[in-house]
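The following pair of complexes shares a single chain, chain A, combined with chain B in the former and chain C in the latter.
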Partner chain A sequence: MRKCSLDTINHVFAEIAAGSALYLPADGTDGKAVYTRWQEGVEWSRALNTVRSPKDFFFPQTENLMEFKTSGKNIEIIDTRDEGEDFVIFGVRACDVKSFDILDRVFLKEPIDSYYASKREHGIIISVACSRPSETCFCKTFGINPAEPAGDISVWQSENELFWQANTEKGEAVLNRLTSVTEEADDSAVVAEKEKIGKIMDKLPLAGLKTDAFGAGKTMDLFESPYWDSLSEACLGCGTCTFVCPTCQCYDIKDFDTGSGVVRFRCWDSCMYSDFTRMSAGQPRLTQRERFRQRFMHKLVYYPENNDGMFSCVGCGRCLAKCPISMNIVKVMKTIGGKEHE
Partner chain B sequence: MQKITREQLIEKASALLADGTVKQVLGWAKGEFDYDITPAVFESAEELNANFVWSDFCGANFSKYLVSKTRKCDGKILVFLKPCDTYSFNQLLTEHRFDREKVYAVGIPCEGMADIAKIKEICADGIASIDCEGDALKVHTLYDDEPVCVPAADVLAERCVNCKSKKHVAYDELLGEEGEVLDSARFDEVAKLEAMTPDERFAFWQGELSRCIRCNACRNVCPACTCEKCVFDNPNSGVENKSPANSFEEKMFHIIRAFHVAGRCTDCGECSRVCPQHIPLHLLNRKFIKDIDNFYGEYQAGAEEGSRAPLVDYTTEDIEPGEVFDRRDTDA
Partner chain C sequence: MNNREETLIPKLGVITDIRIDTPDIKTFRVVTPDGVKPFTHRPGQCAMLSVPGVGEAMFSITSSPTNEEYMEFSIKKCGCVTEWLHQAEPGQQITIRGPYGKPFPVDDEFAGKNLLFIAGGVGLAPLRSVINYCRHYRDRYGKIDIVYGSRSKDDLLDYKEIIDEWANDNDVNVHLTIDREQDGWDGHVGFVPNYVKELGFDTDKTAILCGPPIMIKFTLEGLYALGFEKEQIYTTLEMRMKCGVGKCGRCNVGSKYICKDGPVFRFDELDELPDEY
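Up next is the complex of A and B:
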């Protein structure tokens, strides 16, 4: 394990950035943390988490897939992909690191999504343990421990020091580049920090949230629950929950007429939208109740059904903080799951 | 701290449900915490007693819900309206968006709503509970032994700091005291933008709008946006996009929307309240309101049911388009 002092953290960032592009949460123009490319003068944000999740690095909101040029009766297909270079994302929280596993199971399954795969291959993740979880956090419900964040390198923060531990070969390679700006350390401070985090986790208001009523095989039990009506009653049908969610992975593919050709791009889609998965026969989910139900059934039942019981929520709490009408997965789980879930 | 109590509202709603005046009540339902309140439909006194909330976090404007809820309910719906909500209510009536006969509107006074984002700036994350006491909010956190005391005035939502009216312009019944139309400073921020050079202004909006994630929350919450099918949701429109294809997309979306609600926007501020990226969208709308006031005389959308907005009401005194252009540098 290596350590550095918090005061010299920018030296460490400079060393990482000398080798490959480095992104980390920094406070944006609105004072909220946003992943920013590090350069001299950029300060690592103290915020618990970013408004937008780091899924953008692997699955950007908009991504050009290819271009078409036509001349006469000929059509030329242009591959717009570039090879890509290694990049480092620092400051990823345990919940968000877990979200990459969930996305991997979708995009890296045959047929492999080569756009996503290339970015995943080039991305190096440095996670940071959560010293100060929020009331909206419920990662524990999904088996995530914010004191033990995964990733290529894990980092723990004590009062004025950061402790670095490599978990993978990729992480080892990065840490080896940092020998001049870090020093060897034992893990006593990290053990103390983990213990501190564990105590806070037990105190969190959502600590008791359970998943017993959900998971593979629960479709018939939950699909016709009478509660979907009242839960979806006030839903605005906006895409906030899906767009701030680190695990929502639905997208649409569209052609953009540039006047001289066509750009085929994909963009995030939202099951909350009225034209989601619209086909020639129309939209299969006619009302907001059905669209709303789809989102939560996908996270809590359908995804686990297809992925060995793994839920596709990581309890990051972004939807709790951002939904315009404050309806969210916790309220759905407590209502649909019955009293024992409270 | 609100002057009218939760109990008074529940009592009123329960009585109207009991005597059959209304079948449903549109109100605020309690959440997991003290600030995450959800609009809900209540149908009995038991439901009201269990979940109804009235506090400094009841910002949601119910007027737009009446468009869909009055179609679904076969009786009358009781709706609680804060002063600013009544302007949206009137504007929707002017546009014939719901059946007035199916609504029982109860006006309630409002002392301004708190902005949880401002509270979190002061207390950081980890809010366990918030008590509203007098002019202060007592915030208990997971990390402090003693509650953090925050003056309510310091965490008022922007739209409440610049409250335009404490007067209800529509209701069947009023609870509590009626207020006055206020002389607000709501155009000060617009004036600051006008004082910028075009390049500075462009940079300002570029910076703000580049955060947009096209979640459409601003549009979907907006009481002036009640088209059955929005042009941006129509795949055949040529402009339908779920996300910004390039940096121009977000600007186009927001500017078109601001044009579309010009003269109809009551400045209720819901767009900025719901924006997950804290984009000050209300400033676009206020610019239009300020210009309309300037060019056609003062006009407040929703102040009077059935009023004709200057942009759709031709008079021979109307300013010539050329004059608008000439005055762009002085008044614009």
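Up next is the complex of A and C:
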């Protein structure tokens, strides 16, 4: 294990950034944390987490897939994929690190999505344990421990120091470049920090949220629940929950005419939108009730059914903070799962 | 340059022939620019066709896998991509990728069985691939009955092929019907579900259905009344699709993705899925 002082953290960032692009949460002009490319002058945010999840690094909000040139009746297909370059993301929380596993099970399943796979191979993740989990956090419900974040390197923060531990070969390689700006450390401060985080987690208001009522095999039990009507009644269908969600992975593919050719790109889409499933032959999800139900059934039942019981929620709490009508997955779980699951 | 395989990147296809089937359905013959079939497929599988700048959409492959020269798609004019294709002329290049989806179990569950195909309108398109496959390997199957109906005589897809080829097979029974009386039509008149009931098939058959939801609903009721079990009835579902490989997230019914776990389902399998298709 290596350590550095919090005062010299920018020296460490400079050392990492000398090797490959480094991104970390930094406070924007509106005071909200966003992943920002580090350079001299950029300060690591003290916010618990970023407004948007880091899924953009591997599954960007919009991404060009290929190009076409047309002349008369002929078409030329141009493969615009590039080899990509290594990059480091620092400051990823345990919940968001777990979200990459959930996305992997979609994009890296055969046939492998080469766009995602390439970025995933080039990305090096440095996670940071959550010293101050907040009242919207419920990662523990999904088996995530914010004191033990995964990633290529895990970092713990004590009052004045940061402790670094490599978990993978990729992480080892980065840490080996940091010998001049870090020093050898024992893990006593980390053990104390983990204990402190554990105590906070037990006291959080959502600490007792249970998943018992959900998971593989529950489709027919839950699909016709009478509660979907009241839960979805005020949903605006704005899609904010899906955009801030680190595990929402639905996408659209569209063509854009540049004037000199056509770019085929993909962009995030949302099951909360009415045109998501609309086709010329009809619309299988007619009202917001069906779309709302789809989103939560997918996270809590369909995804686990296809992925060995793994839920497609990491309890990051972004949807709790951002939904304009204060609806969220916690309310859905409490209502559909029954009050005993609070 | 990224050298990985990527299913979203299509191949080039060329439309070499366009047959006008009905007032709103045309059948497009597609090969690669080298003049060969774009890829091999199984009966019931689909392909993504696209017109760059207009869009990409999933279509069932109507030609049989036993056709080794080209692929055919029967396409009804009903949206942006299909309208554009209907205006295209032979020689037009398009893009194609696939095959996608789970095919009909022609070599296992269908083998040795009597087959009853029931189609309505453009619903014949996916079944034509199966029908011609079974006609090609005729001795592998028992009796073949085909019930096909459309709004009018002019709306019957593949009419020439049905009359000149299928109806001339010794051991294939073709039963055509149209919705309303029409000059020059001396065949059956009436809706498909009623015609199936009138014909009153024995239950020693495997039934394969494709057509508008309302036809499926009433035909199923009729088949159940005749004594058919869910385990002997198959259909193919349709949902909006973008990727074709179970990743874009929109074609699911419950935990099943129609693009990869379907489009072919047996009715007892559908019983285990929510009614959202």
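Please note the rule applied: the second predicted complex is superposed on the first by the 342 of 342 C-alpha atoms of A that agree within 3 Å, B and C clash if a C-alpha of one lies under 4 Å from a C-alpha of the other, contacts with A are read in each partner's own complex, and residues count from 1 in each chain.
Methods note: contacts are C-beta pairs under 8 Å (C-beta built on N, C-alpha and C of every residue); 3 or more make two chains touch, one makes a residue touch a chain.
Only a predicted model underlies this, so the values are computations on that prediction, with no experimental measurement involved.
In the overlay built on the shared chain, the residue A:G239 is in contact with chain B alone; chain C does not reach it. In the superposed model, A:T70 lies in contact with chain C only, and not with chain B. Of the two partner chains placed around the shared chain by superposition, neither chain B nor chain C is touched by A:C139. In the superposition on chain A, A:R278 contacts both chain B and chain C. After overlaying the two complexes on the shared chain, residue contacts for A:C4 are found with neither chain B nor chain C.
In the superposed model, A:K331 makes contact with chain B only, not with chain C.
By the touch criterion stated above, A:D269 is placed in contact with chain B and with chain C alike. When the two complexes are overlaid on their common chain A, residue A:D252 makes contact with chain B and with chain C alike. When the two complexes are overlaid on their common chain A, residue A:T29 makes contact with chain B while staying clear of chain C.
Comparing the two complexes, residues 252, 254, 269, 278 of chain A contact chain B in one case and chain C in the other. Partner chain B is touched in their complex by these residues of chain A: 28-32, 34, 48, 51-52, 61-62, 132-136, 200, 203-206, 230, 233-234, 236-240, 242-244, 252, 254, 256, 263, 265, 267-270, 273-275, 278, 320, 322, 324-328, 330-331. Taken in their complex, chain B has these residues touching chain A: 31-33, 36-41, 60, 65, 121, 124-128, 142-143, 207-208, 211, 213-217, 219-221, 233, 235, 240-246, 273-274, 276-279.
By the touch criterion stated above, chain A contacts chain C in their complex at residues 65-66, 68, 70, 73-75, 77, 79, 81-84, 106-107, 109, 111-115, 117-118, 219-220, 223-224, 249-255, 257, 262, 264, 266, 269, 271, 276-282, 284-285, 290, 294, 297-298, 301-303, 305-306.
Contacts from chain C toward chain A in the complex involve residues 1-2, 4-12, 50, 52-56, 78-79, 82, 89, 91-95, 213, 238-240, 242-243, 245-255, 272-274, 276-277.
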